[in-house]
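Structures are listed in the sections that come next.
Consider the two complexes below, in which subunit A is the common component and subunit B and subunit C are the respective partners.
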Partner chain A sequence: MVLSVKNLVKSYRNKRAVDGVSFDVGKGQIFSLLGPNGAGKTTTIKCVLGLRKADSGEITINGSYSYLPEQKEMYRYLTVEKMVHTNERISRSFDAKRALDLLEEFQIPLKEKIANLSHGMNTLAYLSLVLAEDVDLYLMDEPTWGLDPLMRNKVLDLIRTIPQNGKSVFYTSHILSEVEKIADIVAIMVKGRIAEMDNLDDLKEKYVACAVPKGQRLSGYLYRSTKDEDIYVVKRSEANGKIQPADFDMIFEALVKGVKA
Partner chain B sequence: MVRSVWFKIDFASHVPVYKQIKEKFKLLILTGELKPGDFVPSIRTLADDLKVNVNTVARAYRELAMEGVLEPVRGEGYIVRQLNEEGFIRSNIENFVDAVERCKEVGIGIERLMSLLKEIYGRRDDGSEREELGEEL
Partner chain C sequence: MIHKELADMKLRSLVILLLGLGLFFFVAPLHEFTVEMLNEYVQFENMPRFLERFIPKNFIERLSDWSFYIYTQWFGKNLGQFVPILAIIMAFPLFARETENGTMEYLLTRNSRKRVFWSKACAATVVLLVQMLVFSLLPGIYSWLASKDFKYEHLTAYTIHTLVGALFWFTLTMLFSVMYDDQVKPILTAVGILASTTVVGIFKPLRFMNTYSYILGNRIISTGKMDVTYTVGLLFLTTIVLIVSYVIFLKKEF
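On to the complex of A and B.
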């Protein structure tokens, strides 16, 4: 296990941001923490890194790691190139050649000041620095934030290949299509808790959609209501009524809607 | 020589990705594009070509090996062994039965389905027969 989190709890004043979260990230695994805005994803990643002090819980990281924060802020007045060489001096696991290769692939001008980069370019520049670290675990908070679809696919494909060298990835996202292509394990986080966690393919097989007459309760998650029917997303074993397949989109939406605070 | 294989994965589908890969390989074997003894692409190559997670391809190959469709060759990858044609055909017929039942539900008559069947099967055989059927329809 590269990362293990047990019963993590973190509150801000009177709000429980993370409410008893547990998960493991295995070697060579891509683990995606998926959830709507405000679900507690960033707080979880910050607690893992020790940037926030957890109220309780156990966190174990086995090995080295690098981190892409949600706020991708770098020294604004340095050029991209200078940033790379600064990193080279600070970090021993940093591979400057790799960083420069990635920057070239992303078409980031090396002589440009960080302050002059667009949102998307800034994300790509930061990402190049993070991926150039030779570490066991890459922790990334919204790695595709602000990217156009082509660059997003490029970044997702880079993430996809990380396990080929035995490395692991833990990343957060609020966009479904970003986890569908590359994640091994998906944890769906809603209101501070993990509502569902499984292998992505298994998750698709686990749930179906059922339409039952209005008022008839099913033990699952209410997805939609029509005039006469309620449509639930439920585990296959609980299925009832008119049964249809459920795609990941439906499962996600139903879970997010159906989890009570 | 290992032939490369490419097909489209529907990531948004309710059908798990590893199952899409399994079904596609069975189809490639049935149609003779992959023959017994052929090497299939390595797990990493296929993952790169399809842009899917490596573990997903590994899972598909593992299950195909368990079903006897592929055979792992130590250190070299997987080769095509044999397709359990009976099983593959059965599962396709099940799909057909589902489709026919839906047609029946919406009130499509048997004559219409029959003529469609003839048309589709006629298409596969030689041209003259097809033309004949075409006139009939």
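On to the complex of A and C.
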């Protein structure tokens, strides 16, 4: 196990941002923490990194790690090239040549100041620094946010190759399509709790959509209501009425809405 | 890590160094001119009384002595009054800028908190002390180069007062830089404390609050000796503030 989190609790004043979260990230695994904005994903990742102090719980990281934050802030007065060299001095497991190769691949001008980079270019520059670290675990908070579709796919392909060397990825996102593309394990986080966690295929297998006459209740998550029927996303064992396969979008939306019958 | 900190401080340090050097070469070569000008003033028959009070004749006579002039006009006036300000300027962005710009996360996920804190604190302290040492030794170097009759025996005392005063205000401002998430609050708080302690120090029982009196070397001028008690007191406070800053930094959330 590269990362183990047990019963993590973190509150801000009276608001409980993370409420008893537990999960494990195995070696060579891509673990995705999925959830809507404000679900507690960033707080979880920051607690893992020690940037925020957990109220309770146990966090164990076995090995080295590298982190891509949600706000990809670097030293704005430096050029991209100087940022790479600064990172080389600060970080122990950093391969500057690998970073420069990635920057070239992402078409980031090395002589440009960080302050002048577009949002997407800034994300790619930060990502180059992170991916050039030779570590056991890559923690990424919304790694593709603000990227164009071409670059997003390129980045996802790169992330997909990380486990080939026995390294692991823990990343948070609210974009379902990319999670479906690369994640081995998906945890859906809603209101500070993990509502569901499983292998992606098993998760899709676990749930089905059931349409029942309006007013009839099922033990599951109310997904949508039409004039005549209610559509629930329920566990296969609880299925009733007109049963259809539930895609990942449906499962996610139903869990996030959290309207449990 | 230290290399980055030094690079961060490069411009600020150079500007301060150049300003300090400029200020010194505005004061030192004007010795004779200043004395002549003041002598002309006191020879006026109808010289205002307040001027007589502020610039007594015996003071002007003593000013013609190079050592007295440079100690009072450099340490006791021009450099002395800027020492806390320069220390505040060096310290206020140290942690607050990283927090404000979001780059603290970048540092803390690559280095331990302990390393980040001490790298920043030590690099900036060394730069500040070198600056203050250069400024403090300037009268000695200038006197030697210009073949001036200079009493070197007081230079150590003035240098220690300058260094310790600068270190105290630097550490205090660094505490606010650690505490606050933006750069404005540390500088405002430090300047506010500097102003209020100076004002409060006007009252006799609270005279000890006025660090300016120590930094300007009033005791050295009157007794010829360093103020050991105040020096030890400030160093003790500096150590306490430094430890508190470190503990806050270890516990702070980013």
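In this text, the second predicted complex is superposed on the first by the 258 of 261 C-alpha atoms of A that agree within 3 Å, B and C clash if a C-alpha of one lies under 4 Å from a C-alpha of the other, contacts with A are read in each partner's own complex, and residues count from 1 in each chain.
The rule we apply is simple: contacts are C-beta pairs under 8 Å (C-beta built on N, C-alpha and C of every residue); 3 or more make two chains touch, one makes a residue touch a chain.
Fair warning: this is a prediction, and the values are worked out from it, not measured in the lab.
Visitor: For the three-chain model obtained by superposing on subunit A, do subunit B and subunit C clash or fit?
Guide: Result for subunit B and subunit C: fit.
Visitor: Under the stated touch criterion, which partner chain does A:Thr161 make contact with: subunit B (first), subunit C (second), both, or neither?
Guide: Once the two structures are laid over each other on A, A:Thr161 reaches subunit B alone.
Visitor: Pick one for A:Tyr138: touches subunit B only (first), subunit C only (second), both, or neither.
Guide: In the superposition, A:Tyr138 touches no partner, neither subunit B nor subunit C.
Visitor: Applying the touch criterion given at the start, work out whether A:Asp184 contacts subunit B, subunit C, both or neither, answering first, second, both or neither.
Guide: In the superposition, A:Asp184 touches subunit B alone.
Visitor: Put down the vertex angle at subunit A formed with subunit B and subunit C, C-alpha centres only, nearest 10°.
Guide: So the angle at the centre of subunit A is 160 degrees.
Visitor: If you stack the two complexes on chain A, which partner ends up touching A:Tyr223: first (subunit B), second (subunit C), both, or neither?
Guide: In the superposed model, A:Tyr223 contacts neither subunit B nor subunit C.
Visitor: Please work out whether A:Tyr67 is in contact with subunit B alone, subunit C alone, both, or neither, and reply first, second, both or neither.
Guide: Only subunit C; A:Tyr67 stays clear of subunit B.
Visitor: Quick one: smallest Cα-Cα gap between subunit B and subunit C in the superposed arrangement, Å?
Guide: Minimum over all C-alpha pairs of subunit B and subunit C: 27 Å.
Visitor: Please name which positions on subunit A make contact with subunit C in the complex.
Guide: Residues 46, 49-53, 65-67, 69, 71, 73-76, 86-87, 89-92 of subunit A touch subunit C in their complex.
Visitor: Any idea which subunit B residues touch subunit A in the complex?
Guide: 11-19, 44, 47-48, 51-56, 59
Visitor: Which bits of subunit C are touching subunit A when the two form their complex?
Guide: So the residues of subunit C in touch with subunit A come to 1, 3-4, 7, 101-103, 105-111, 113, 251, 253-254.
Visitor: Taking the complex as given, what residues does subunit A use to touch subunit B?
Guide: The touching residues are 28-30, 157, 160-161, 163-164, 177, 180-184, 200-202, 204-205, 245-249.
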